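Below you'll find a set of structures to go through.
Presented sequentially are two complexes of subunit A, the first with subunit B as partner and the second with subunit C.
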Partner chain A sequence: MAAAAAGWAVSGSGRWPALARCCWRAEMVAYFSAPAASNREAKQREDSSRRRGRTSQLIRSHIPPRTERMAVDQDWSSVYPTAAAFNPSSVPLPIRMGYPVKGGVPPAKEGNLELIKIPNFLHLTPPAIKKHCAALRDFCTEWPSALDSDEKCEQHFPIEIETVDYVSAGTSIRNPKARIVTLRVKLSNLNLDDHAKKKLIKLVGARYCKDTDVLTIIIDRCPLRRQNYDYGIHLLTVLYHESWKTEAWESEKTEEDMEEYIWENSSSQRNALATLLQIKATENVSNVTKEELLASEVVRNYRNSVIALKNEGETASNMSQYKESVKKLLNIQALP
Partner chain B sequence: MLVLTEWSLCAEQRVRLQSVTVCSLPPQAKHSEQHEGHHYSIPLEEVKAALPHGLPHRFQQQIKTFNEACIMVRKPALELLTYLKNSNFAHPVVRYVIYGERGTGKTMTLCHVVHFCVRQGWLVLHIPDAHLWVKNCKELLQSSYNKERLDQPLQASFWLRNFRTTNESFLKEIKTQQKYVWSKRDSTEQGRPLGEVVEQGLTRVKNASDAVGVVLKEIRQQCCLGSFKVLVAVDGVNALWGRTTLKKEDKSPVSPEELTLVHNLRKMMMNNWNGGAVVTTLSQTGSLFKPSSAHLPHELLGKEGFDALDPFVPILVPNYTEREFESCYQYYLHCRWLQHDRARTEDGKEELRFLSGCNPWQLERLAAPL
Partner chain C sequence: PATSAVSISDEPEILYRRLSLLVKGHDKAVLDSYEYFAVLAAKELGITVEKVHRPPKNIERLTLLKSVHIYKKHRVQYEMRTHYTCLELKHLTGSTAAVYLEYVERNLPEGVAMEVKKTKIEKIPEHIQEPVWDTLPQVEETEVKS
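This part shows the complex of A and B:
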């Protein structure tokens, strides 16, 4: 274009405009001739590939992806030895991800940012983990042969300590999450009587799971793991001893504090006894004592049904049991 | 006129027995399992006398439309009637609590029992809906009898009026046992008929709640002697132990004990008297601060209510059985209530059964526009 400009400048007076124009057009032709030539070549190559039956590729990326050359029984842990982003040409799976176009399907894996954004575990397949274990085995000691079942482990080692070690590629080997210690113990393995167990459960609150009878304490208040472990053991000891003690103010425990329904000394017992005494009074049987009434069959039945109703909630069977027991208690006949 | 209505039919038989006769009262005492599923009708005068305010609103509309009041005889009601017939009136009163899901027929069962007792000559204290006493009260007066409590003149006078309609005969027989002083000028002497107390409550509306209290107390004291039997029928008894939406003038909430009517009614629910029975219903519709799925006694009564009523006999009212559904369907067909062509076909019947889930309330609502 500089030559063209120079040509213009030279023929600025207008004496050679036709010649300059011819020069310029020739320049333009010369400039654009190379791509034109290569376009023609590309078209020839395309035609040749089409003729040979391969899929049509653009001239830039005509190399097929690596997935097409992967064997089915290849060693996958060498494809993804470490955590890496998803590479569509390295993963031979026909994955689709993303929101589908209307009336269409989710987009394919080629150029799919969604698949690249998410974390993947392609580096942690079972064979890869087997290799990790095999490598780590050299650093481990033998598992004691006497502990060959879960029950034996629990019997000899009731307290389980869980700690996590973190390894990452970075400037520092420290990780603040490594100081967290989790202590798990089953309350049935601790020597607790009824009062101690209830007090312990009240003391720990949400850390106790009723279904599995496991107390889980997570300690992270100290900066070092050893300190947290020591604190956890100390905490367990303190809980155990405190729950065995009975304080003076525990005698003020009211009905609302009770964990389960106790029939003795409840309003239900009072009502039932009062009713029965009145019934006996009308029948002129005056020498029946409270203890006899409490020990009688109907009252036992009634007591059991009320306890079941209050502790387990109301189910159809509970309600019918309660109904039968009340009918027997109050001597109601059903037959006409 | 002792002819039996045969609405109930087996699904296999397409033949409808067109004998159109309705049980009238004397056989009601002999209602037994073979009458289960049948409808029996009450003469309209008796409806006005015995159940002036107890029937559900939609059923009252149905009475007006069909010009007859037909109640289906169902198992829970039969069970209750057997218990009542066999009850020993020297023993303390037995409390029966009717419970069930929404729309299964608890109020209708209660009304059936009330009608039976009226016919048998019992004195009936029917509180149609205890929830009305703990909400939407326009006037709350401080009680003159006890400074802590609050009176509800409108609700009390409304109830007294209906009580008078039901129990005219008893009001002349029962005499007061002590003197009651209403104000400086009004007082009721000892030995006067109870009707005077009721009149006092109706004329001087300010004293209506105390009049209700006096009536309940007198009845409680005198039925122990055995001259008459008392049925206390309360619908929505869980209102007595729940919360109220009423507020005092300083905007603090009112608890149920502070209402005179509720306080006196709670005393009736205790089993320290004899000579009658207490039949109650739990109701979630109209209850306050209770979720719509609650229908079991503990959920609706709460701990306080359950302990107060314990020991009681719970009676579950389920949805319609096959036979009862058939019976109800045939009754609607007979009254020409189902006008749609497809309603008469088997398919239509199955569709109604599926849509209503054999729930009486749903079935009635579905059948209405057909």
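This part shows the complex of A and C:
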């Protein structure tokens, strides 16, 4: 029996693998007429003659599965060291999977295609993961302990470069979205003065967020990620230096171009001063100069309230502040 | 024995403020197992896991004609469900990130895709520290050629 079994095994892998596969799940049939001769060639010729018609004779006797010989405390990571398909005779678990027959149970693990199809994690049990990580720990480095909070990272390393890697199965491992690079920097960390900051904000337009003071540049101009990163740094350098330059035509900046409201030399200042001078003239007070009026407290209050209204918008507190300052300016305390 | 394979180079270490792994798959059970594996691997390698969240699934449905020819009233409907899991890790160095990502990407199950978003932090380069106009020699203004 042993010789026959060995002969069958040899023929199964060598000469007639297809036949071996189709006879794999056949029922157990006693092999009666085993020739005593140990000649391999003669036996195979006899086997082929007998296998005509796909009869299920000549099947080796059923060997018990490996699971029955497994100890409970064996090293599982040597049974499944790498990702492998589910083999019911190698996994000593009574798993059932699939849709149950009416009034029945899900099918058993022997010959269950559903168990073979689904990816299994038998090679990644917690002890196996711990073993892998113990071996990998030598290649890891520590994060510097001085940079434990986000604020410290921001302070020492202001620029953030964001890149995305894509992993998927397909005909190609490349993904065209992988070349995109996003550069983020807070303008408060750059060495800019007032004029440079305003000019930079005007140059970049929508890429600057006023609430968080973050400039975001998304670069996907070049085909490679490193080229995009270099271009991003180049862009930042050019923007920085251009914003420090003052061109000749910048002196023609009008009131509409201003980012925030400036009270000096505005119509509001002119109107207020004109009104005050007229009041003083009717009261026949001696000529009060403009600088004295500007420096007086009522005009200061009025100036602050107007600036607050224009820059921050209309809020209840702003409006009440404006009302109070106008009342003080025109000296009309009677009104509520 | 293992330490002899480790070589330390003089290049400064890259610092990643955040590493965001978005894993996409059709089967939620596979994604849950993978998330357990990735979280355990991160803990073992000493990486802080900021948060693990599961964005809502996305179902794409198609309605097609059931028959090859005519029978417009009889259709068949297919749907493709994509489940997501997002793992956010904080404060990694370049070598740790390389080791972790290689380990985790090699053990990605079949049929599951992953997007890794790396946020690297850097110092401001020297050429942006000071405007260069102060240091350049004074050049005569040339006429702008129109």
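Descriptive notes on the structure:
Keep this in mind: the second predicted complex is superposed on the first by the 191 of 336 C-alpha atoms of A that agree within 3 Å, B and C clash if a C-alpha of one lies under 4 Å from a C-alpha of the other, contacts with A are read in each partner's own complex, and residues count from 1 in each chain.
Just so we're on the same page, a contact is a pair of C-beta atoms (placed from the backbone, for glycine too) under 8 Å apart; a residue touches a chain by one contact, two chains touch by 3 or more.
Bear in mind the structure is a predicted one, so any value in this text is a computation, not a measurement.
Subunit A has more of its residues touched by C than by the other of subunit B and subunit C.
When the two complexes are overlaid on their common chain A, residue A:L309 makes contact with subunit B while staying clear of subunit C. Within the superposed three-chain model, A:Y322 lies in touch with subunit B and out of touch with subunit C [touch as defined at top].
Using the contact criterion defined above for the overlaid structures, shared-chain residue A:I279 touches subunit B, although it does not reach subunit C. When the two complexes are overlaid on their common chain A, residue A:N271 makes contact with subunit B while staying clear of subunit C. Within the superposed three-chain model, A:W244 lies in touch with subunit C and out of touch with subunit B [touch as defined at top]. Of the two partner chains, subunit C is the only one touched by A:H132; subunit B is not. Partner subunit C is touched in their complex by these residues of subunit A: 83, 118-119, 121, 123-124, 126, 129-130, 132-144, 147-148, 150, 153, 156-169, 185, 189-191, 196, 233, 236-237, 240-241, 244-245. On subunit B, the positions that touch subunit A within their shared complex are 32, 79, 82-83, 85-88, 90-92, 94, 271-272, 274, 296-299, 307, 310-316.
Residues 266-268, 271-272, 274-275, 278-279, 282, 302, 306, 309-310, 313-314, 319, 322-323, 326-327, 329-336 of subunit A are the ones that touch subunit B when the two sit in their complex. Partner subunit A is touched in their complex by these residues of subunit C: 2-3, 5-6, 13, 15, 17, 27, 29-30, 33-34, 37, 40-41, 44-46, 91-96, 99-101, 103, 105, 107-125, 127-133.
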